[in-house]
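There are two complexes below, and they share subunit A, which is joined by subunit B in the first and by subunit C in the second.
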Partner chain A sequence: MSHQKSFQYADLLSVLERVVDIMSAPDQYSYPSVFIYGHRATGKSHVVLSIMKDLELPHASVDCVECVSSGLLFHQVLSAFFGPDAAALLPRCPSLSDFVRLYKQMSSNSPATQTRYIILDRAERMRDMDFSLLPALLRLQELVNDNVTVILLSEIVWEKFRPNTGCFEPLLFHFPDYSKGKSLVQILSWDHHPSYTPELYASYINILLGVFFSVCRDLRELRHLAVLNFSKFCEPLEKGEAKESDIHKLWKNIEPHLQRAMQTVYLREVSSVQWEQQQMDEKEATTLRVLSAHAHIELPYYSKFLLIAAYLASFNPARTDRRFFLKSHGKIRKTNFLKKHEKTSNHLLGPKPFPLDRLMAIFYSVVDSRVAPTASVFSQISSLVTLQLLSQVGHDDQLDSPKYKCSVSLDFILAISRCVCVCVRLLDLLALSLVIQSQVVRQERSLFTAVSNLHLL
Partner chain B sequence: MSKRRSLTEAQCVSLAQKLLRERLCHQKLPDRPLALDSQYKHLLELLRRTAVHGESNSVLIVGPRGSGKTMLLGCVLRELMSLKEAQKNVLLVELNGLLQTDDKIALKEITRQLHLENVVGDKVFGSFAENLAFLLEALKKGDKSSSRPVVFVLDEFDLFAHHKNQTLLYNLLDVSQSAQTPVAVLGLTCRLDVLELLEKRVKSRFSHRQIHLFSSLSFAQYVDAVRAQLSLPPDFPDPKFSDAWNHSVTKLCEEKSVEEILRRHFNSSKDFHRRWCADLLEASRLISADSKAIILHGLSILELCLIIAMKHLNDTYDGEPFNFQMVHNEFKKFIQRKSHSIHKFEKPVVMKAFEHLLQLELVRPVDSGVCKVQREYQLMRLMLEHGQVMEALQRYPQCPTDVKQWALSAFA
Partner chain C sequence: MSEIPLTSSVSKGCFVFKSASKKRKRHVGVGGYLVDDSDENGSDRFRICQKLWETVQTNTEVIQDQLNKKVLDSLAEFIKKHGLGCSSDVWRQRGRETPTAALMLGVNVPDHAMTFRSLCNLLQDSVTPFVVSVHAKECAAVKLLIQKVLEQLMGRGVSVDEEQEDDTALLQRTQCTISALCQWYKTVTKKCTQVFPQRTESLTNSDLPQSLPVVVIFKDFEAFNSQVLQDFILICRWDLCSEMCYSSIKFLPFIFIFGIATSPSAIQHRLPHSVSSLLCIEVFHSLSCTQHLASVFDKLILNSQFPFKLSSRVIQVLVGIFLYHDFSVQNFVKGLQFSMLEHFKSQPLSMLCCQKQEALLSAKTLSKKNVERIRHLPSFMRYVETQEPQEQVRLLTNDEHVKEVCQKLLKNLHKYHKNYYPILQCLHSLTSSLPKFPLGKHIRELHVSCIEKNLWETEEYDSALQLLRILAKDELVVALRKCAEILKSTKILQNVLQQLEDFIGRLEALEGVSSEDSSGNGILSGKMEYQKTDLFQLQKTLLEKESRRTKRMNPFEVLRSQVIEFIDSLVREYLTPAELQPLNEVCYYSSSGVLRQRLNVTPRTSIQAALSHPFYYLQNESLKTDAGTISSAAPDLCIVYKLHLECGRLINLYDWLEAFLTVMSAAEDQDTNSEECGKYDSLKHARFIQAVSEMEFLGFIKSTKQKTDHVARLTWGGC
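And now, the complex of A and B:
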């Protein structure tokens, strides 16, 4: 059959046979509902729709993401089977009862000579629609008394679909994933550029898979990456620096580029247009304007200190403030820090809320010059909240003691503190706070003395 | 004679296939339901009393999914309609809790099926109150001797109990209790506790008559039932073919491996909605496959490492919820200490892999939808069991040995 021409790999053939078995002999009854599940981009919709088209079976294909209301689903099914006039007979906000009644009417006028198929793609969205839609569609054959089969395609396993009181169980099929060696390389090699040999492209694909396969197996992502980076791969060939058989040289050229791609294009931090432009401009330095705030957010001078102070306030417990930030705190009592279970380390649990006073206290001790508590300093806190670098905890009504939480990560803080000139002390403080949080404190008495010495510097 | 011989082998096979598909896929009604004799007689008697003698009744048929409630009802109604007196008189109204999700819709459906005067073509006129009043008047006007008995069949009865005020149920059961038009109310449900769902006033009008369908087949009866389902009926056009077929089916059912498979199915569910592909072994493997473990095979190595990290967290902290930071921490420890084949990935790349696991619903947030917490610190739970993860790991294609070792080690 013509659809078999497209699939020349053994993985899918067995599944294909089983699916075709179910659909064979279209003038006979088929099982009322079938559930096909498998990872994304494994070809579920493609295979089912190609079979429908090649065998010319009457079918209605609906994507459940488009069906915001169930009325849209009913409309699409009726117009696919009985024409747009039938769909126009549906009332304004059709209920399932209207749909079934209309379907029965239409099918008694034009009974099915062949099994009709309703294909519901991304069926996991149906769970959020009316609660009775899924169980009713699973037994649609019984309800309308017609030769119809419902095929559900989804990424999520069937156990998560079952309603509370149970329902008619469909036939379950798993769509296998592509194996790296045979199928994936084969499919990706279909996109090969006409001006280069397929062998070259195959070796390029192998290099690409070597970098990306352990991270991602989605065929769509891999194709996207392959298409974007091929021109860079062929650069040495075009410049005449290497021949097609110098795979090692080509590999050395492309591998750092692919690593950079993993951190930018793969994460959608830059768009593919920007990526291609950057390749053309041949700038080696990473001057890519990434989406996330790391590289390019510009804050005023005091805002940076406020943010660092907020981070310290969020992640250091209040009792350590005295130790870190007071210039003279007298004797360091060997307080019995409880053996900190690693899990409860603050860096793992998340930022804690702190009151405004504590923030200002840490800020004054961290900033290098004397700062007066003017409105401009306080307004910078509000701007940080607007920028969502800080978040306000608690009610808006609490005007006298507002509480905040730091919502940026350590990498961001380190990036900021590098910009601030007098920051060696700060880095040490941060590093120390990290170390102290994650180790058993009782034994680190020497560290405490080190910290106190730092203040005296 | 010549007609029989003209049916070739292929035609016989396709005819047999058609018959079996009708029986198994379309659930065609059998002549007599299996092992449900007493229930069958009870129900038939009740309906006969309504149809012929004009007695109002209400009954609930209760049984788990797939025990044959609809089949039983279908057979009883078929026999009822073959009685001469019932054929001309009885009106049948069929409602389904999945379709008629509201009393308004249900009322319109009843009016339509009874062809009352306020129906023109397909459209029902009037508001809910008017329709209800009209229906009740129509039902109350009659009496035992002169009006036609009505049989109401309510499929998924428990869903009707969730309607507002249970208006429909109240009115139907009220009519069935008073001396008016003879009405039979039949409810089919899979919930054993359906009576707890009814309001006091509705429950008191119900006759508390319940027919239970607990499948009480022994294993031998089950095998007999399977054989009967797969055999061809005696009126098959080619008797030689049907004899050969039935003989081979009998032999199949006596084979050891098939018996084992049937026993496994019998122990797990007594559901009769099972399909028999050409290869029974293949079918049984398909049916009992663990779909989550199969999905795990398609994950990338990074995602698998994250799952193993989560499993270790679950083991160490007895199933308490974790967040992405903790998982990333575990993963980093593995990379630094034990791994040779997996190199360090940046945190955003690991985050993307974690979000893929979220989309597959292998990991679920503890309180869904509360977005006050940053993404990395939102508490999650793993939706997989320890055993499932270990089993999937054994069968994962080309799994690196250090990953396997890490999974098997007791201390991360």
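And now, the complex of A and C:
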């Protein structure tokens, strides 16, 4: 892994050399399959496709996300190599053997003078397809007896692919991440603005990377951010407040802006169009409402109570129900009321599934008035499930008492119970059940803030 | 058996034969059901009901359109901005973000359909013909989603230009891929620019290449499988691989609209950063459902033009369903429709429930039966009791006289409604700004309490008047102005309006007087300081001053109490409960119990009622039993159900069977010897097993592995 840390531009070149090496003798049989991996936006597809284009090699490039069935993949490959007429010969639901047969037939008509390449982008999706597809494609050369090479591009390592023993091992290439120092600055500096000097743009890129490099190494995202914020960077220059050499002044101007960008536009809390608009009319200092700011949801009265009941059922052990929801609960000795493992916060463990009966029992004890078990109360549960506020666990028969989980956060529930709470008892209940957990929640929060502070540093 | 059709096949098997088309029973029109001998004007009532329902429908649609206009227009603006204004160059510069509108619709899912329909129409009329809307339940996989999009788009293309018959055949053959869609899009847009050159010019003023956006509407974003969404967004982003796509083979200007019921953060919960970074999201808020309900309420219920009325209980049921259960205006209107149907069906006199002229006309031609029905109306009987004895006799004997009186009463009823609503609005505008809302925040609450009982007898009304009595002058003037506005717009009750304006004028003229008064007070207190301080004296003067102040009000206070008196008199005159109006049964639907039973159903209660009291549904005399006993005449299922109520969580099947047999044998003659009683015959055994499996089917029990020969109860309760 040492090469990742001390990655230099030369490393990429050496990888490229090796890749080109393989493709340099097109009239000879090539290695049957090549596996190229590396993080997102490290230039895998770009490199491969531009080599194909520059050397004018016959190739079929397929995005595996788009191939919802293996038939689509066969279709695209055949039509790229032999034209759409050949692809039309495929039967309705082509199997692998159909493909191989047709490929053989076609390649005997027009044998390959050069190596043909099949490029499969996002190859990790292949694992979800037919289970024999990947091993077969790895040794497609043998199967069809043609000069063909399959190139798989993926973001994950080959170890996660290897289907079973005895499968053909492809040639592995790793595209390392761009290092902060040189390669990213170099690449990002390529699209500098024509009206400013490249040096200025490079220094801008340096500042940008200083802020964003810790959270994002995606080249495309960085480019996007660079384009978005460049006008702000140039503002003092256009106003004549600073010269191009006053790097420090420019830095002071742009740094808080970029920090804000990291919290908003990078997370897509604010769309890039809105971000640009905000830059335009900075004077008004309108604070944009970010996406997560509208977290409040209006719910019907009983839905709120159902959600509260679900939350209580999810995060309280079932043993404690009697104590919390029964008026005349028996005396429980405090010492061993909670078992040891229950003392760890339930919020750390996540919501637990609960049966419908328990939900309804808690619901009836929480609602202050008498509620008839009407159909609409039950239909509200299922609409809460479709709204993803509850989630159903397991897909058993409805008779076998369905189980649910509550999938909303503590803050959400508190907000809801605040607007519903007419009775003090409910608040007590919530408080009681949360008192145990609150301490750990506080710890969690401090942990989160610590983590986000780390990001900022 | 004689009619087995012959086949040419020699083999044995199942063959499908389409039955020779039987002549369907001639469809009887809806009116046919209403022509009943006992019910001479059923079809009239049906006609009136239909007419009313049509007005309800058009009104609700108009309201929805008005309320949604703003958000829909801004959405259309958003799409125009992203679709037409931007050429592909701009998009390339911007990166690879797909413009996305997050449309917040609220949790009232049944209402969304109408919004989406009008959105689709609006977009197709004004922005782009390529609008696709997809539902989560038809798109369980990416494949299906793409297929749906392609079907809707290409199908529409075919319908636009009719000479493309082979296009549909093509769709079946071509693969369902986005690249196929791109091909199609290219050809269609080319054709579009050829066919409508003038339209293109009007749409894009500059010389940018025309690119009509393809709008995909996800109607229920939360219900979509997140993997499907992610894949679809990945496929639709237009630069699949940086280099290749710049050759613009794949260029398709997609725009997404997410219909979101909960909150915008749902997007971030569903999509990972790598996918959400491909979207450029803007949020649009549609109106809240409570606002929507309020305007529907104003238009349909607080409106004297709409003859059909709901009693206070019925309104409470309908609003209760809305607030407690679903927030759906659509369902509220459905409830209104149901109560309308119920009213016109059950109340023969509802033929008088229509516009004034029509009602008077039909009152003139009342049949003998209906006159008799009028005499039996409680409100009419109350009216008769208040009349002179002579008049009472005439009313009870002379049909013609009843008809005349009936016309007069109908006129009064219409007049009552005409006056009622403006005064109600006035009172609401006066009291809605008071702290703690003693008479309710919404006008519907005030309306309910007004038609239910004498408002002026309630405590809330008293406290509201108390609060009104301490209003400052400017507040009072503003509130009165509002009332005057309301009365002006209705153009009735001119004398009330006159008096109101008179009050306003007097209040404003009061300016100088009150200030003078306060300065007088100041002088008085100034004088006091010169006097020698004597505690007793001081106390005395202070008390005196206090009493004088309470006794002698300043002119503003006098006027204010006059105003309040005036308002009180208005309330007492016009806001009388509807039940006291003679002939109110004609217009008011009041059986809230039926409504609750029908709209807010409790399936479990009815199943339990059926099982524990089979007489309730079967109406068989032999099934009548005392509570607590188990009759053997009841169906097996009922017996088994009652026996199982006596058990705990686990039920021993054998004991259950024994008990069942005991009950069964109780029915037979007691003299059968005990030996036979103990043994059970296979018929009874089979009946028992069948009943138990029916219980399982109904969800009362299930089989369990905890104990052999036991089943588990799924319901609570019992002993």
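Definition applied: the second predicted complex is superposed on the first by the 277 of 457 C-alpha atoms of A that agree within 3 Å, B and C clash if a C-alpha of one lies under 4 Å from a C-alpha of the other, contacts with A are read in each partner's own complex, and residues count from 1 in each chain.
Basically, contacts are C-beta pairs under 8 Å (C-beta built on N, C-alpha and C of every residue); 3 or more make two chains touch, one makes a residue touch a chain.
Given the structure is predicted, the values throughout are model-derived calculations rather than measurements.
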| item | value |
| --- | --- |
| Partner chain in contact with A:267 - subunit B first, subunit C second, else both or neither | both |
| Subunit B versus subunit C as contact partner of A:169, first or second or both or neither | first |
| Touched partner set for A:349, first subunit B, second subunit C, both or neither | first |
| Subunit B versus subunit C as contact partner of A:231, first or second or both or neither | neither |
| Partner chain in contact with A:386 - subunit B first, subunit C second, else both or neither | second |
| Touching partner for A:303 - first (subunit B), second (subunit C), both, neither | second |
| On subunit A, the residue positions that both subunit B and subunit C contact, one per complex | 267, 292 |
| Contact set on subunit A toward subunit B in their complex | 18, 21, 25, 28-32, 37-39, 42, 95-97, 100-101, 105, 130, 132, 135-136, 141-143, 147, 155-160, 165-169, 171-174, 176-177, 179-180, 213-217, 262-263, 266-267, 269, 292, 343, 347-351, 407, 409, 411 |
| Contact footprint of subunit A on subunit B as seen in their complex | 14, 17-18, 21-22, 25-27, 64-65, 70, 96-102, 105, 109, 112, 122, 158-159, 190-191, 271, 273, 275, 277-278, 286-287, 289, 291-292, 294-295, 297-302, 317, 323, 325-326, 329, 342, 345-349, 352-353, 356, 359-361, 373-374, 376-377, 397-398 |
| Subunit C - residues contacting subunit A, complex | 93-97, 99-100, 102, 104, 106-107, 109, 141-143, 146, 173, 175-178, 220, 222-223, 231, 234-235, 240-244, 261-270, 273-274, 276-277, 279-283, 288-289, 321, 323-327, 600-605, 696, 699, 702, 714, 716 |
| Touch list for subunit A against partner subunit C, complex | 40, 45-46, 49-50, 53, 61, 63, 65-66, 68-69, 71-72, 75, 88, 121, 220-221, 223-224, 227, 267-268, 271-274, 289, 291-292, 294-303, 357, 361, 372-377, 380, 383, 386-389, 399-401 |
